[in-house]
Amino acid sequence: MSSPRFEANAAALAALIPDGASVAVPSDNSGVPMALTLEIIRAGKRGLRMIGGPTAGIQVDMLIGAGCVASVEAAGVSLGPRGLAPRFCAAVEGGEIKIIDSTCPATHAGYIAGEKRLPFMAVHGIFGSDVLTHRADWKIITNPFPPHQPLVVVPAINPDISIFHAPLADEHGNVWVGKRRELKSMARAAGKVLVTVDKIVPEDLAGNAELAPGLLASHYIDRIALAAGGAWPTALPPVHPEDGAELDAYAAAAQTREGFDRYLHRALTPRGPAQ
Amino acid sequence: MSNPMAGIARSDTYSKEELLIATMARLFGDGTFMTAGVNSPIPAAAGLLREQVDPGFYVAVHGDPGRTPFVDGGAEAFDMAAQGRLDVFVFGGVQVDGKANINLVGIGPYPQAKKRFAGTFGAASLFYLVRNIVLFFPKHDRRTLVEAVDFKSASAIGPKEAYRTGSPRWLLSERCLFRFDLEKERFTLVSVHPGHSLEEVREHTGFSFDVTDRVEMTAVPTTAERELIRGPVRDALSKPYPDFARKLLARQ
Amino acid sequence: MSSPRFEANAAALAALIPDGASVAVPSDNSGVPMALTLEIIRAGKRGLRMIGGPTAGIQVDMLIGAGCVASVEAAGVSLGPRGLAPRFCAAVEGGEIKIIDSTCPATHAGYIAGEKRLPFMAVHGIFGSDVLTHRADWKIITNPFPPHQPLVVVPAINPDISIFHAPLADEHGNVWVGKRRELKSMARAAGKVLVTVDKIVPEDLAGNAELAPGLLASHYIDRIALAAGGAWPTALPPVHPEDGAELDAYAAAAQTREGFDRYLHRALTPRGPAQ
Amino acid sequence: MSNPMAGIARSDTYSKEELLIATMARLFGDGTFMTAGVNSPIPAAAGLLREQVDPGFYVAVHGDPGRTPFVDGGAEAFDMAAQGRLDVFVFGGVQVDGKANINLVGIGPYPQAKKRFAGTFGAASLFYLVRNIVLFFPKHDRRTLVEAVDFKSASAIGPKEAYRTGSPRWLLSERCLFRFDLEKERFTLVSVHPGHSLEEVREHTGFSFDVTDRVEMTAVPTTAERELIRGPVRDALSKPYPDFARKLLARQ
């Protein structure tokens, strides 16, 4: 059975993401790999096709602002309580990136189909929505069983790469994602899985009955790197809350191109929560 | 922070927000489980108020980890909704039209909007699943309550045979309350809030709606409701929405 | 939000199962509610339509032997390492019960569709199998997306009642099922969920980050009863292994009608692991 | 327990079981992940032997909680198989026919069989998903290796366009080893075990099969293989299969 390789740091993971790759990322506060994101920006990646899990936030906004992104497929991109994602909105309004609008359960269905290698999955509702109108890749079919009602079906999502940050891994390569079950689907659906973690312990977590249900087992993971605090400034439940001041600072700075550039320059220079 | 009351319109005995919270909470009467989404302090407050009135009611508040019943990640809420277990959800947006379509995506053309917003989130699916959907558009003008939204993020107007466990039922604004009739695909004015009028509502509404013989006035928050809002509701709200709790629900 | 009611004992749960109900049960060693099973037998339930999770073992064999069962839908019914399920095989050979053969992933797909209230779900393979030939309720459809290949689809399974035994519940009604994720699907798909547990603790387990991922939350559960050792003699990982001697005794006794009746009489008389 | 060797057929240097284990393990050569199902001591032993030879190989053994990589319940293994992550699985049954169909359900009519067995388990789906499927029917006679099974629990003969990540590749019996050709829908005899012959195989096989110019003899277990079987394999097997480990793999 394959085991993930441990890399020295997030930069080594970023190096494994080719330009133009489709990259699945978690919704905010679900293990957003912010340290890895900075390394992707630092490495100057281009043309990434981001896929939300099913939404996205500061991470994708930063990647867009840094010029790494060609398209975003998401049910929503925002800074949550801090309002709109400024670089995302500006890029869509400016026609600089392609936006592929989705709706949350459709994206979940896509990942679940992807995880099962099923070609499609059905989703309730969506009729009448312009999301459906603009998704040439979604279809309305007739339930093959009585009462033969119409149903929206969406194709499997199988991203080239899934990336996320988790609180804990063990030396065997098992990663604890806790309640964020969609990370399991996103990982299993992906061609490659790159994970940063706060901590690596020797104990085989698969043998720990309490932690096992929240594990993504080692054979789904390609590379792991230690990046303590790698989700900062987003929250990483249950380990730490968001850094509200830092997120406020980002939301304010990113309102303008210049402000964003200044923020990014600062973020790329000293690095991480220690500053 | 020097004047926490700044900018808050008040009547003598209740604030505008308290009226909206109390009115919204009454719309949740037959539910037991509500989810309050991101950026939704008034819906969260209404849910918390309803909890105070009805011990069988529970509201999961986004942003309060102590108030989530979900243990299986992001997909679980949508499965719950499909199971008919999600009774109440409050949706906002940038536009709503006379067929209860809402727009969360953008103003102008698509995809390159003149003004882009966050996106549809779960609305396109939940419009068929949440039993009692309240559309909450506090800003009530012809740019918001429009004849036809620029982008239908979510619409309840689908095939009759489609699986459905719910639909939009209410539209609450700063001026009035409408009820939505899915069969007729139209809103009916239920009541205008104190200080507002039918004529004013017509003037500021971009879609046509039905009116009953006699236009009611929205009931003002009772003393009991106001005390609950200013006490336990405010306390519970101070965790996910500290600013809102402090500024808008300050004890009078 | 609805909370489950706590009942005094397994007998009170058995009383809630009407004759003729479709009843979903776990595979062996996945929380088989044996104490509840004895109460169902004691209560003289008839015409139950059992659905495996996706397989079944001693529990369904006993219910068949006791005359409670009209039909079994399962991917397999056996005593595992102890060989065939004698009362099941005899009842099928004698035409006493209806057997609806399935295959494991099809049953899983049925429960997952049921949990999502989707009318159907696709399953890989199965082509050429006589399981498919004999399932008038399964269909071959064409994938609506390219390459438009054929696919087997199975209808949702929404049992009237799901029953299982779990190691732990809290006073709020949350039940810890650990790694047995299919129990979550089976519960959410069901009209009613009845659970026995080894232990009930005051702590709200939903607030315990380590245990939460293995929880079935209270709002999916209708009734809970304390039944310490309620999975005995089957294994309840991670709490206790199987009681091999007792399972050997069952396997030997159940080879004949008379042996089974003697075993059952003994099992119904003193009760449980304490004897 | 007085005579642990009782009833065990042995050649001078290896037992029948050791030959099957060593032969089976060689069929796993290009895999990395195997699952050994319920009641499968010889497949489990073969997997454990392969692990000793190839550190990249891993076998999950049913009945040994320390040897399971599954944390998401019963469905996970089938998803893994669909992902192409399940390289090796060994299936048995009550009948196998010349098209590699296997019967796990019953002898005689359906559904009211003359002799009912447990059921199909995951085989109907896994026949399309597990890359390298070994059919293991130690009892090699015309009642077991039949022209057409009474009930096709699992068949690999499906539409060419169907999703497929694997299929049956081998049939191993007490007498010989066949390779399955999915295109031709036929078995080819690969080798007969020492002490057996082509004529004997023909006599006891109910289906027709292809033969190459020269019938090979199955390679006997090497000294190294035997030492591994009698050492670390036996030790690992003693947890899930204590009786088998004690009786059949006793050190000589």
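As written, the chain order gives the labels A, B, C and D, with residue 1 at the start of each chain.
Operating definition for what follows: a contact is a pair of C-beta atoms (placed from the backbone, for glycine too) under 8 Å apart; a residue touches a chain by one contact, two chains touch by 3 or more.
This one's a predicted model, so the numbers in the text were calculated from it and none came from an experiment.
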Starting at subunit B, fewest touch steps before arriving at subunit D: 2
Contact-richer chain pair [A-B vs A-D]: A-B
Subunit C-subunit D separation of Cα centroids, rounded to whole Å: 29
Between subunit B and subunit C, centroid-to-centroid distance (C-alpha), Å: 41
Shared-contact residues (touching 2 or more other chains) in subunit D: 70-72, 82, 163
Sequence positions of subunit A contacting 2 or more other chains: 116-119, 124, 149, 151, 179, 181, 212-213, 237-238
Graph class of chain-chain contacts, one of line, ring, star, complete, other: other
Pairwise chain contacts, counting only pairs that touch as defined: A-B, A-C, A-D, B-C, C-D
List of subunit B residues in touch with subunit C within their complex: 32-33, 56-58, 66, 68-72, 79-80, 82-85, 163, 165
Complex contact set, residues of subunit C against subunit A: 116-122, 124, 137, 139, 141, 143-145, 149, 151, 153, 155, 178-179, 181, 209-214, 237-238
Subunit C-facing residues of subunit D, complex: 38-39, 63, 65, 70-76, 78, 82, 101, 104-106, 110-129, 151-159, 161-164
Residues of subunit A touching subunit B in the complex: 27, 30, 53-55, 74-78, 80-81, 83-85, 88-89, 92-95, 98-99, 101-106, 108, 112, 123-134, 147, 149-151, 179-183, 185, 237-238
Residues of subunit C that touch subunit B when the two form their complex: 1-2, 115-119, 184, 188, 206-207, 212-213, 215, 217-219
